[in-house]
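Only one structure is covered here, and it is reproduced in the block below.
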Amino acid sequence: MDSSFSNILCSLQKSGSFVNTLIAILTICGQQLFSSFTFSCPCQPGNNLYYGSAFLIIPALVLLVIGYALRSQTWMMTKESCCSSSPHLRSVNSLQRKLACLMFFSITGRALVAPLTWLAVTLLTGTYYECAASEYASVEQYSMFNNYSEPERQEILAEFPCFEQISPDMLMVRDEVALQLRYQSQMWGWTLIAVATLVAFLSCCLARCCSPLTSLQHQYWCTHMRNERQLFEEAAEQHSRVLITQRIKELFGFVPGSEDVRHIRIPSCQDW
Amino acid sequence: MDSSFSNILCSLQKSGSFVNTLIAILTICGQQLFSSFTFSCPCQPGNNLYYGSAFLIIPALVLLVIGYALRSQTWMMTKESCCSSSPHLRSVNSLQRKLACLMFFSITGRALVAPLTWLAVTLLTGTYYECAASEYASVEQYSMFNNYSEPERQEILAEFPCFEQISPDMLMVRDEVALQLRYQSQMWGWTLIAVATLVAFLSCCLARCCSPLTSLQHQYWCTHMRNERQLFEEAAEQHSRVLITQRIKELFGFVPGSEDVRHIRIPSCQDW
Amino acid sequence: MDSSFSNILCSLQKSGSFVNTLIAILTICGQQLFSSFTFSCPCQPGNNLYYGSAFLIIPALVLLVIGYALRSQTWMMTKESCCSSSPHLRSVNSLQRKLACLMFFSITGRALVAPLTWLAVTLLTGTYYECAASEYASVEQYSMFNNYSEPERQEILAEFPCFEQISPDMLMVRDEVALQLRYQSQMWGWTLIAVATLVAFLSCCLARCCSPLTSLQHQYWCTHMRNERQLFEEAAEQHSRVLITQRIKELFGFVPGSEDVRHIRIPSCQDW
């Protein structure tokens, strides 16, 4: 059972930084492309929040699910946790439970790279947050808002992210509110980035601490895992070809691909 | 245990200057790209400081953590410091503690290249500092500020980094304050560069002084380390292939890759 | 110990002129790029001097430290001077002290190429000096300065490097002061270049004079040094491979790269 643990660490160590960087860069490019094409704030009180939040959260959720789905370890773990419902096949001891936990956290960590990058980039850009939070901006310091009732004020605020529908005396206020919202958005973005980085680093340290393998053993296991997969695939390929060749010979009387086909037989109905 | 020490010095000497230069150049380019896209000072009293500081410090923090994470020696050390909690496995003497300290400082030094470059470049550019420190600029010498109370003065100063919201009589003051803040920012930048360079040089000298190896010994250890890693990898590869081949022969009845496959066996359910 | 002396002369002769020219050209390009981006004189009395001096001196200091750090001989000397604190290991006679001095001057000479180029280029350009020395320009010959007190005069002089804040009657004076400062700056630059060239030439002559080797001897030593390094490396490589092969055989039970692997052993946990 140590092997699966080592497998996690191997894959974590080897392709970790490269693949994660690639995912992050793709996410950033995708976000820039995507938001420039499709995002246009509705500027209606009550809708702004849902619209902006949907653009913030749903792509992150989709990326999270894709992140889980693309890890082959997810399927391995699903399989194992299902199989373990039949207790006579394998006894789940505490070490295995620990390893399953560790594997789950490892998969989650990898799957979170893309959604967190999405959230960080969108919050640093600030467009979605500006639309979503426009109604809730604090405008107590502006005297011109005292003439309006609460619903009117919300309607005016909701129209701030759209450019053409603002009365001239509101232009300066709108610019200041936009700056303020962008400030909030970027501060959330930075907080997210700082927390995610620290949590990732600390959990990596912790995972490495809990590993029962020394550095050399770990290296050996990585090599061993790679070889095992490779050789098993080769052997399985060869084994199945030999098996099928034998069966075809029984059916048709010759080996497929052989040059001298002398004895062929017509398969009877029972053979099929 | 001398080997790990020598390993540090080897890696420090070999890839040191090249890799560090690359990191520094990438950081500078990234900073220029990044700040031109996302930075827009909120120009509100109380927020400027947080905003500017976040852009100064959090990227540096993230770069520091990434710098630590990308060094494989970090993980080696984490592992070792964890393992040493079991005293019967390895006795930690004073030499090993010294070596661990030295390794920690070596890793930290490398990890600090990117964040210090970020800080130096941003301080020399001055945009972030100008936003962060705008409220705290000294304006005692300007008589026009005597008419304002302290909060009003702070509000006016906070609006200095934004261009369109300044009254005409303040234009000259704003330019002078901007020059003054840029001067402070660049002086901090230069101080940082000078101190970092001197500390790096002196600590390199000190590390070389404290090394128990002469120049020739050091060279031999570098060769030895490289060979050890290389030969161990070869041996581990071969060893694991032999092991797996034996196991596959038990399962399928033949060695993968062999031409004459005469006896194959169908693995039973228990074999899997 | 003569070998290290010869080593200096060899390396000095071989890569000397080419590397130094390259360093100088890179420094000039870097200076032009750098100063066009970041330099803007604060134009405040008291700050100008610090600002201009920081741009003049700190890059030169950083380049000096980098120059020292990139010479492998620096580390060799640091090591040797540290080791000589234990008197029973090696007796330092007067010849060795002379050689250490010579080596130090050789390293310093190489390390000074970049900072001296920086200083010469910046002084010939004159922008930094103009900012730094603007307060201290001699304006006794201009009658209009008699009306001002000393602090007022300094404030006016400090604003000379900035273009837009000058009263019209000062325009001509400012142009003349700028010409005067540029003249001083370029004279300092030329003096520096002349002195550095002469000192470099004389010290090369002197070093060759003091050498106890004739031209043929010197050539022989260069060959000898190269061969010594090369053969030592070969021997170290072979020695360490033999050592490691033995250790791997103990661990895995076979020699890496051998064709007939009959007996392999599974290493126990204690072996790692």
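Here the chain labels run A, B and C in written order, and each chain numbers its own residues starting at 1.
Definition applied: a residue touches a chain if its C-beta (ideal position, glycine included) is under 8 Å from a C-beta of that chain, and two chains touch if they have at least 3 such contacts.
Every value quoted in this text rests on a predicted model; they were computed, and no experiment measured them.
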item	value
Central subunit by CA centre of mass proxy	B
Residue-number overlap at the chain B/chain C interface, same or different (half cut)	different
Averaged-CA centre spacing for the pair chain C and chain A, given as whole angstrom	48
Distance between chain centroids, defined by C-alpha means - chain B, chain C (Å)	25
Multi-chain contact residues (two or more partners), chain C	none
Of all residues in chain C, those that touch chain B in their complex	38, 40-44, 47, 50-51, 54-55, 58, 61-62, 65-66, 68-70, 75-76, 78-79, 82-83, 162, 164-165, 232-233, 236-237, 239-241, 243-245, 248, 251-252, 254, 256-257, 261, 264, 266
Footprint of chain B on chain A - complex, ascending	13, 17, 124-125, 172, 175-176, 179-180, 182-183, 186-187, 190, 193-194, 197-198, 200-201, 204-205, 208-209, 211, 214-216, 219-220, 223-224, 227-228, 231-232, 234-236, 238-239, 242-243
